[in-house]
Structure formats: structure tokens, C-alpha cells
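Across the two complexes that follow, chain A remains constant while its partner is chain B and subsequently chain C.
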Partner chain A sequence: MRKATLLSLFSSLFLLSGCWDQTQLNETKLVRAAGFDYIKNGKIKNTASVPQSINTEAGGVGQVNNQVFYAVGNTARQSRIKLDRKISEQVDASKNLIVILGENAAEHDIYHILDVFYRDPKSALNARIAVAKGKASDVISSKFEETETTVGIGQYLNESVRSAEKASIVPTENIQTICPVMFDPGQDFGLPYLVPEKNDVSVNGIAIFHGYKMVGKIYGAQGVMYTLLTGKQKHLSMSLTKKITDKHKDRILNYVSIKVKKNKRTFNVNVSPDDKISAHIKLDMKVVITEYPRDNLTTKKKIQNIEKALSKRLTKDANTILHDLQDMNSDAFGVGRKLIAFHNPTWKKLDWNKEYPNIDYTASVNVKVIGHGIIE
Partner chain B sequence: MTFFKKPRKLLEQKNTSNEDKIQESSPSSQTDSVNTSHSLQDANSKQNQSIDDLLKDIEKSFSSSEDLMTHWIEMPADKSRVALIFLNSIIDKQKLQDLILNPLFELDKDIDLHTFEKVINIDFKQQTDFSKIQELILQSYTLIFTKDTTCYYSVFTPVKTERDIKEPDNEAVIRGSHEGFIESMSTNIALIRKRLKSPKLVVKYLQVGKETHTNVAMLYMSDIANPDVLHEVERRIKAIEADSVMTPGNIEESIEDKTFSLFPQTLSTERPDRVAANLMEGRVALLYDSSPTVNLAPVNFFVFYQTPDDYNKRWMLGSFYRMIRLFSFYIAIGLPAFYIAIVSFHFEVIPSALILLMKSSLENIPYPPLFEALVMELTIELIREAAIRLPTRIGSTIAIVGGLVIGDAVVKAGLISNLMIIVVATTAIAAYTVPSNEMSLAVRLLRFPFMVAAATFGFLGIVFGLILMFFHLCRLYSFGTPYFAPLAPFKIGDLKDTIIRLPFFKMNSRPSDITPIKKDEDNHTRKWDKS
Partner chain C sequence: MNNSHTITHRQLFFIIVQSQIGVGVLSLPYTLFAKAKTDGWMSLLLAGLFIQISILAIWKLCEMYPKQTIFDFMPKIVGTKLGVILNTLFVLHLFSVCVVLLILYNSIVSKWIFFQTPRLVVISILAFTCVYCITCTAREIARFLMLVSPLLLVLFIFVAYAYTDVHLLYAFPVGATGIKTILSGSTDALISLLGFDTALVFLAYTQGKSNSKLKVISYASLCVTLFYCFVTFTTYIFFNPVEIVIVPEPVLYMLKAFSFKILERTDLIFLSIWIVFVTTSLISYLFFTAKGVQSLFKLKHHKTAAPYVGVICALIASIPASKIDVQLWSKLIGMSALCCSALFPIFLLLIAVIRKKKEKGAVST
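Moving on to the complex of A and B:
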């Protein structure tokens, strides 16, 4: 009897409605790229790319129809809710690949926009995040040549940034990795900077942040130096082409291309007795020469000359970046973090935002050639 | 006993006249007997009546069935007549010739009715109970009546109806013995004894079923099997009170610990090598009359995932395939549920590169995934059930129609997504990798509750389902031994032949969950290596 009562009570539970419900995959629209811009009155414009695959007879992924939707709201969440009203099925951002911030949005406080990502347990925290030149909506809604054949703008942008990361032009960051750095008073970060061109998007540099705000940019090949200075250990396709001499009339003969095989960073922050802060980054690189049109790398002396010229050139580059960063007041390599950890009394005394641009901040690069390809 | 060298010719040629007589007389006796209402029960009281009267009575009691044959032989010594009576359909005529007629004629003139017992072999018995005549005839005995009407003789001459010893279809192995049990209990015991030539192997006969008198043989190793377990098995079998016990399933159901469980609690097998190996671990084997199935008890969950093949492979391969099989348990119960949970609750766990592929295949499916899965799973079960019943020649046609045509058409029609077909097919294959048919059936049924749980609560539902299932497995006992051993209770030493199979020289103790009285197992097969 007792058993029957329990059983009937238990089975009646099945009649109750649950506190959650299904979200069927085939009844959702997946946002694969999201863009945020501030428009004139301070409202947020949310742009979302929703790829819709056109079903083929055999199944599988055939052509992709790229739909782009806009919505304007007071906050990021509100704009997304408004977006949902415009799209036929339920909008889901859990498979988002990339978040693009318009330049004006990045120059405001980016946390205001990203808050919605950190709060929602279903959001894609491994999505990449990048800053676009101009408006994010332009990047997402433009018809690029490559998106015709790949699976949507989200995938295209994501792959572009990823290949840039592989080439070490930009640091590897996603929504989650920038979060602790963003809140850290002793460290800042950089994000990929996208420039939309006519038929494609180029990852053109690094947007440098201070706190929650974007404060400047580092362009082009300098990005590789920036990535090297972050202490990235090694990457197969981290390559540089550098001018090492002016002697030759033929422009091409003045250059050498190298590939960094190994990169060792020694980062020292010192505080002198009179509270003067100095920081020094020393890079020991092992490189392989991938291009040297002048040829004849036969003697050790020649190689040593190249090593010397390269070290000199790269040291100069590194110092330029450090100066730029100081000018932008962005502590991207975390001098402040070191101060907090090892010189805490000093850290407590000073106002880092004012102090940082004035510290003695230098770098030196030591290049060692360990290979020169299969010819000499 | 006399030894006979020369075989004699068949009786028929000598006694044709007699036989004719019988055939002539039989219709007349039939007409005679219409009014007389003799029954064989009366025969006992009238045991002193003449042979002819007795035979008439017998014929009448068999309603003059035409396969009841009577043969008359004339004794050379005293010219007295002897009658042989038997059911033509169930006796072996060659045996009749060899066991009765040839000896009789070999002795020729010396024969005396009372020397019969000397003459005829061990199956020969003198009977005085006339009420048993009918029963004996029905049990393929040939009865011999002489002029001495106080007794008669019976010879067991059964026709051999056993099939050959073949490899069981449902338990085939690649290497190793290809023998399987057949429907004869004595042959089956012989097959086991052939493998365990030990005086410690004990056979104990029991009988169940008030009407069917089904014989059950209990086999065990007296120095290994735990007496408590033996006693428990015997007690449970003896407690069966039923009119008919026809199939091993009846007995299995009567003696298992929990009938309301999906999991089989005795291992059924048709392989003598499997039985022999399990007897050596201390289990009890139950053999039944006219059934090739042997039940082994007590068992644990992992026994159902062992196959004789494992021990004929290199041990690493054996372990690998054992693990594949155990993994298939999870696929078979969980894959459709996992898929349902993913596409209806947690699609954020799908890798980015895969999401559009999955979405596009699901996009135009009109049904919810649970319904989709149920339809396909039931279709597969339908095909399976049909394939068992169908003659083999049509079987392949059904496989094509069922598998290819339905599978392909259902996707093309847009009723079921092609991913679901992959999931269902994988699941079906996984369920068939279980070496035991019962466990395979249990696993196939288990997936349905899991699918419903996944459709209502997603991963949470699957986790709850698994928790309940493991609760049940841990609480289950087989004849007083833990069913989910050696995982619960955990015995690291016993894992050597469950999830993996270690080499033989490492297996020097029997699994402890069966509580064998001799724990040590001598497997020091590589002693040459140590010197």
C-alpha cells in the first residue's frame, strides 16, 4: 500500500511542468558573429550574423545563406532581446565565434558591453574578440569575397583572426582570457584590430587597451614584436622580415627573413632605494633564416654579422613598442603586476596610472641563428 | 554374460508367416474388442491370463494404434512362443535386432526362458508390475512376453533423436572449441567431463515439475564451489512446485533473486568450454533435460562480457576487445539519449565546426528528437524481430529492405535526420557486441527509459538515469553474491579478469565474489622463465 502510494505520488511528478524547457537545435537561430557599436544617443546597436544553410538533397552543409540583423537598445541585453523579436526562431549566442567591437565602442568602457557575456552561463566565453576600424556593423554586414564559399561571416572572421594569431601578428585572446586582465590594475591587454577593405578584412594590428578602454594601436609587423615581448614561447610560423643594412642598391638585398624557433623572455622589474622603478625585458631568440637573397651564408662570421645586425634592429623595434605603450599608458606586459607581487610597499604608495609613463622601461633582444634552410 | 560374435539376419524373413498372422488377426481383434471393455488396469489382476489375451488388452489400450507392433518368435527348445511388443515409431530397430533377436538366436537350442537375463545386456530387466506396461511402451521400451505370465521382460531400445554436436549459432568463436551443447543431458555432461577430467566434478540430479518430471543436473567442483552457494541453489530448485517446468527459462525465473530486474542473474550458455571455465571458478552449472542451454550461477555483471575468445587472443588484444565491449554497453544504453540531450538541451557542447552541419541536417525535421529516435529504434527492433522469424533465404532481403531502403528513404523523405540514422545504427551494432543474448536484450530495453529521461531533463536526466541504474546494479545479488562485483564492493585484485584480461600467469586467485572455498588457482605457467 505504502509502495503504491509512493509510486503514484512519484509518477504524478511527470505531469508537472519543469523549470526549464527544451531548446531544440532546429528551432534556434545561431548567432555566429556579433558586433557592438555605440550610436549617437548613447544607445547600443547590436549586429548579428546568422548563417542559414540551404538544405541540399544529400544533406550536409551546402551553401550558406548569410543573414544579418540589427537591433538598437539601451543595453547589450536589451538590444539582443529586440534582435530576437526580429528573427523568426529563438536567437542563441552560445555558439558565437567572434565578438567585434566598433572603434567607438572600444574607446568607451568595453565591460559595459561584455557584462552580458560573463553573466550568462550559456554564452560562448571562448569566442574571439576583436576591434574593428570604424563600425562593427560594417564589418559584419559587408559581403566579402571569401564568405561566399565559407560558412558565414562568423567563421570567416574567426579564421582570419586565428591565422593572424598563428602568425603571431596578434596575441591570442578570447572573451574569457581578457576578463581577469581587464580587472587587474597592474596589467592591460591588446586585441586584434580588423580593418575592412573592399573585398576582405585584414587583421592589421593590435588595439591596445588600458583598463576597460582602448587607448591606441600598434600596426602591422610591429605586432609580431609585441607578441614576442609578451613572452610567447614559440610558434612555428612566427616570422619577421627585417632590413639589416642600407649598403646595397638593390632594395631586396638589404633584407633578411627569419623564423623564430625559440623565444625566451627575462623580465626584470627593479625598484631603486629612492623608489625609482625600472623595468627591463630581455629576449633570447633562436631563429632560422628563411630568406636571405644575398646568399653565401658560408662563414660563421657572416652569420655573426647578421645576428648582430638583427639584434640591433630588433632591440630598436622593441624599445619603440615599449615607448609607444608608455605613451598610451597601457601596461600590456604587466610591469604593475610584478610590482604588486614583488614590491608591494612601493606599489601601494604610487599612483600607477601617473607613474607608468615615466618609468625606465627598456628592452634588449639577442638573436642567435640556429639554421639557414637547406642551402647555405 | 555370453559374448555373441555372429550377427543374425533380421527376424522378418524367418517369421513372415507369423507377421502375416498378426496383420490378419488385428482387424478381427479390433472388431472383437468393440464390445468388451477391458482396461489395462484390470490386466494386473488378471495377470495369469494367456499371452494372446494380454496382447489384445494392450492393443486395445492403445486404441489399436497402427505403430504398435507385435512380433512372435518360436523358441527352438520347447517350441513355445515369445511375443515382442513395441511402438514402432519410437524404437530403434537396429537396437532391437542387436540386443534381443541376435542373442536369442545365437543361443539357439540352449535357450531357456529363465536364461534371458544372462543373455541380454544391462538394459534388460525382468518386470512383474503389469500396470506399468503402457508407460514402458511409451518410453520406447520393447516388452517381451513369454508363456510364463507372472512376469515379462523389458529392454530399453530408444531411437536416437539427438542432433549432432555443433557450434552454437549465437555464441560462435573464432578460435577455440567449436562444440556446443545439444538436447541430451547425458551428452552435455559428457562434454563437460571431457574438459574437466577430475573426480572433484560432482553431478547431482534433481527433478522438478509434478507432471513433466523435468530432470535438472547440478554440476560443481566439490573442492572449489562454496557449499553455502550449492545449498542455496539446491534449496531454491527443490522449492519449485509446479505442474510443468518446460524450459530453462521457467527454472531461471524461479530461482533468480530478483525477477523484477532487467539484468539476467544467471548466465545462459551453450558452450561446454565456457561452462568448464566457470565451474573452475567455483560456479554451479544447471543442465536441463532436452535443452542445450546451461545456466551458470552465481554470476556478476562482467561475466556477461567475457567470451572464450578473450582467452585465445594475446592478452593485450583480449583486454582491448573486452574494453570495447564494456564501452559498447554505454553506447548501447546511452548514445541515443546523449544525442537527444544534445540537440534538444545542450547544443552549446557541439564543436563549432560541427554545429552548422548538425543544424542543417536537422533543420527540416518535423518531429522532436525523442519521437524521431523512438520511431527509428522501434523500427530496428522490428527488423530484428522479423529477421529471427524469417527463413534465412528471405532474411537477407529483409536486411536490405529494412536497413537500406527504409534508412535511405526515411532520410530522403525528410522524416528522420541522417544523424539520427547514424546514431541508431551505431547503437544497434553496439547492443549486439554483448556476448550474452540476455544481457544484449536487457541493454536494448534499457535505452528507452534513458531516451525519455534525456528528452525531459537533458544531461541531468541521463545522470539521474545512470545513478538509478547503478543503484540497482549495486543492490542486486546473485545467490548471495554481489552482482556488480568487483566494482561494488571494490576489489582491485579481481579486476584482472573483468575490465581487462591479464596474462594467465597473473591469474593466480579465483574471483572472490563467488566465494570459492579454494581461493588459490595454480596458473604458474611460466616457471621456466624464472630459472
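Moving on to the complex of A and C:
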């Protein structure tokens, strides 16, 4: 009797796994990269890359076939549903790695497109997000050299953005991390800016946003300075190559390359009694010299000279960025946020969109060399 | 009372903690924000202070009538007839609390993970697990609640991980909403802190000195208040004040964005741990209810009442279908629970004290 009860109890275990909520992998197509563009009539074009591994002979390297699908709809969700009709199996975006916004989509309200990502409980909020030069569909559908082999386009794009993040060329963001900042009236953000080239795609700078819209770009090496100004303390390789003199005929000798080891940001926002706002960012950097062909870093004086020249140069760079940001009216470092927090009465009185381009906004950089590799 | 039915102080502590932490934790920051804005965490601290008064009353009642549950001493305080009526009402209130626990649990689970599974199935799985758990003695229940308590640490660590991406400035300016709004927010906070009232039945089983019992319950509620406060504050500095208004389950949403090498969706792990805490709350309330039903129908053992209580709760809980219904039910039952669990013990104590004084006066004359 007891045995029978136990047996029936045990066999009832098999009934425990319900069959209502299951998604089977062989019945779904996983989207690894999704792109959004506005087309002429204001509709949204959704591009999805679905990698399919191709079975090869036993022992061979698995090849990945990138299938790219398009669909056009009035909203992001509608275009996804249309996409589903074109693909044999159920489309699932829960393993999405990266969302690419076309430049004209980014210049519209990006929240309109992203709403579907924030609303869906299954969506991948930790997917990276980037802006593409031109059309997102071009980036996703082009045949890059690296993607031919084993990785899908989603993974390839994701990795290239990630390596740019590691080098601090672009700030580290994903769909969720931009959300609070996007809503914030006192702060804006920047996203990686991708440029498709012939055989690859390069992360070429930072797309600067104001509110929900893209308002400008910061190119190339300036990105490192931007990231440093956001207050990022350290990363694997924050490298800069800067010209510090014009004295030498040999072009290469005018340059020095550094790697930032430590970066400390002091960010002050002051309101004067007559409601004038001034903001100042001070960066204290500890750097290691990674390239200096002129050599002779033996004396303290020489190092101090380099420190001075670098500080001057970087201060100038930082101020250029702040100035550019003011021109674009993008408060990427959150002066407004500081005002809300510490000068609330002042904040309530002013119209930040009008005020921000006119505030007194400066930066200063103080460089300290703490090492110079294994030679002097 | 049988000796094997008693519980120790430490077990009491975990019973109170486990009953207090329940469904509320996921949406608490959102409900608090609706009233007190970014100062919601202060409302919570205030609410923590207020419930100390109720806890004091509950403890005093149980001290006056040792080794008795509320259903035993109610008739002694207010008279037999009124006692039966009040007992019935109190059991109804407990039923409604169990029902609302199940409703809220279902609404979150069906919204986040089980989109297709029918309501009744989701609800009855939990209800019947709890019914099985409460068929045993108070000591065994206490042991189970203690056993799952380490999971609290996991919950804590998950939430603490959010500090890798917070904006501390969002919490400022502190206290901008004014004392009035902070106070009005604390009623919502009180509802989420309910659960300490299970002491009305569990104190009867607790051994030991009376003073230390009070200490244990107070510490338990302090721990829960601080934990909730930590969770609430974390979400307030993670989400922008403008954003949190559209995120009804901020805690889960926050975790959805984090992924580790081996864990991609932290929110799902969190949700499965959270279900354990819903279970524990439901266990202690169902036990409470079953005890009430036992004394109402003069049953020999509360075991007999348990399945009926479970089935009734599960059936009622699967009625509300839309989000609006759920909100209405939880709001109404929340208010009634607040009156019955937090205020009622205080009144009961007052009556009891006045009675005792009169009796003393009668004896002395």
C-alpha cells in the first residue's frame, strides 16, 4: 500500500511541469541584432539578423549563415509582427544583443521605438544600443569580413562596441542604463556611433543626445576625453596620443602617448546670488607614458614639462568638448541634475533648455605621470 | 498545551520576518512614490515606528492571556456573544488577507513569467503547497520558515548589485515634499509591513520570558523595515523620478537589466526566490486562519480546517481578472487589513485594560 502511494506520488511529479508557458528553441528564431529606420512616409523599417548555424561535416568548423529580414510597419511592434509572418518560425528577441538605430531614427524620438523593449517582459534590456551612420539596415545587412566565419552579425557588432567601451572611446550603455537619463530633465547621454565601411564597421565616435533625440556627434579620439569627463575612474585601456610641441621636424617626435591609470573627477556647480550658474569639472589623472620616442625621461624636470604640456593640451580638449556640448544643447554630464539636487529653488525658476547653452561651463585637467614603461 | 508544539524565540523572530516580507516588496517603492515622491523611504521609516505601537499592544494582550490565541481570549475580553461575532469578523479579515496575497502573487507571476497558464492553476499550486505546510504543528512551520531564511541574503545581494549603476543625486533634494505628504505616504507603507499580527497566534506557542518576546518581535519588524527601506531607496536612486511612475514593479525591472556570465536574466531568479517569501507569508496567514476556523467550529485540530480554507481562498482569488479589479481588491482589503491588524489590537487592549481595572475595583470594594 505504502509502496503504491509512493509510486503514484512520484509519477505525479511528471505532471508538474506545465505545458502552457513553454518556448522551444527549435521552434523559435532568435534575433541577435535589430535595426530600426524611419523610411520616407514615416513608417518604421525593422531589420533583424537571425544567425543560423550550418551543419558541416563532423569535425569541421561550424559556419554561421546570417539571415537578414526586413519588415515595414507603422510602429516598432507592428513591424516586428510583420517580420514574424515572413519568417518560418516564431521570432524571439529575448536574446537580442544589440539594437541599432539609423541616424534618422535617432534624430526622431527614440523612446517611440524603444517603448516595445521596455514594455515586453521578455525583452533583453541588457542589449547594447548604438546609432549607425546612414541606415541601420545597411549596417546589419552588409557582409563584413569577420562575420563570414563563425560569428553572427549581432555578435560581431556587439563585440566591436564592447571593445570600444573597453578602450573608453564610447561610454558603456545598454537599453536600460540610458532609460533613467533619457527621462531626466537635468541630464542627457551619448551612444556609440557606428560607421559602416567596406569590409568592416568602425565605432567612430559618440552620438550625443538631448532628451529623446540625437543632436550631434563627437568624433574619434575625443570620445576618450568625453568618457573621462563622465567621471569614469579606470578601465582596461584608456589611451590617448597627444601632440605636445611643434618643435621637431620629425612629426612623430612631437607626440606622446599615455594611458590613464586613474581618473578622479571633481564636479562643482555653483549658483551666484544673482542666479548666474557656473559649472566646473576638474579631472585629476594619473597616467603612464606608453610612447615617447624622444626618450630621456630621466630628470624630474623633464617629466614635469611633459605633465605641464599634457595638462594644457587636455584642458583645451576638455573645454572644446564642453563647448560643443553646449552648442548641441546636450547636458551629458548632468549639470542640471546637480541643480535639481542642490539648488532646487533656482532650478524651478529656470528654463534649462534655454539656460544651459549660456552657463559658464569650464574644465581643467591635471596630469600626473606615475610611470613610463620599462625604459626611461 | 503539548510540549512539542512550542517554539523558541529565534523561531518567532523568523516567523515574523517571513510573514512581513511578502508580496509587497516588489511594488512597494512604486506605491510609496505615488504619494511621497523620492521621500518615500522616509514614509517607510515612519510606518516602522507606528507599527511598534501595534506590536506593543499585541504583546501586552498576549501577556495578559498567556498561552492563548486571539480567538481564545477575545470572548474573555468582550463577552461570549460579542466575542463570537468579533472572532467571525476577524477570521473573515484573515481570509481576505490570504485572498489578496494570492491575487497579487498571481498578477505579478502572470505578468512576468507565466503568460499563458490559467489563473486558477497558478493560484492553486501555491495555495495547496501552503495548505500542506500548515497541516503540521507550529514548531514544524517555524522550522520551515527558518530554513528558507538564508534566501533573504540572496535577495539582499541581488538588490545591492544595483549599486553598480545608481545615480545618487536622484534622491536629492531630501525632504522636499514636506512632512504632510511623507505622513500620508506612510499608510501605504503600513500595509506592506503587515504580517506582525501573526504574532497574535504564534505568541501563544512561544516559550520563555515575556520581555524577550517583545524584543524579538520588535527586532523582527525593525529588520524588515530597514530591509524595505534599503530596497526602496535603491530603486529611487536607480530610476529617474520621472521614470519610476511608469514602472509598477521597480525591483524586478531593475534586475532585468543586469546580467552575469552565467545568469542572463536576474529578474527571473529573483522572482523564483520572491515566490518563496510569498509562500511563507501565506503559510503563516493560512495557519492563523485555520486556527480561527478551528476555534469557531470547535474543531479538534486545525488540520481539518486547512483544506477548506485553502480551496475557498484559491477560488475567491481567481475571480478578479483585469488589472483594475486587482487594484480595487487590493486597495479595499489593504485598508480593512490595516484596521483589523494594526488598529484592532490596540482597541482590544484598551477594553481589556479597562475591564481588568473595573474587576479590580469591584474586588476591592
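Operating definition for what follows: the second predicted complex is superposed on the first by the 348 of 376 C-alpha atoms of A that agree within 3 Å, B and C clash if a C-alpha of one lies under 4 Å from a C-alpha of the other, contacts with A are read in each partner's own complex, and residues count from 1 in each chain.
Convention: contacts are C-beta pairs under 8 Å (C-beta built on N, C-alpha and C of every residue); 3 or more make two chains touch, one makes a residue touch a chain.
Quick caveat: nothing in here was measured; it's all calculated off a predicted structure.
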Contacts of A:Gln24 with chain B and chain C, given as first, second, both or neither: first
Per the contact definition in the header, classify A:Leu97: touching chain B only (first), chain C only (second), both, or neither. first
Answer with first, second, both or neither: which of chain B and chain C does A:Val64 touch in the superposed model? first
A:Tyr219 contacts which: chain B (first), chain C (second), both, neither? neither
Is A:Pro51 touching the first partner chain B, the second partner chain C, both, or neither of them? first
According to the stated criteria, A:Ile340 is in contact with first (chain B), second (chain C), both, or neither; which is it? second
Taking the superposition on A as described, I'd like to know which of chain B and chain C A:Gln176 touches: first, second, both or neither. second
On chain A, the footprints of chain B and chain C overlap at residues 18
Going by the contact rule set out above, which residues of chain C touch chain A in the complex? 111-118, 121, 165, 167, 169-170, 172-173, 176, 238-240, 242-243, 256-259, 264
Quick one: which bits of chain A touch chain C in the complex? Just the residue numbers, please. 18, 20-21, 121, 125-126, 174-177, 179-181, 183-185, 334, 337-338, 340-342, 344
Listed in rising order, chain B residues that touch chain A in their complex are 342-345, 347-348, 350, 352, 355-365, 368-369, 411-412, 417-418, 455-458
Partner chain B, residues of chain A touching it in the complex: 14, 18, 22-26, 28, 30, 51, 53, 55, 57, 59-62, 64, 92, 94-95, 97, 122, 124, 151-152
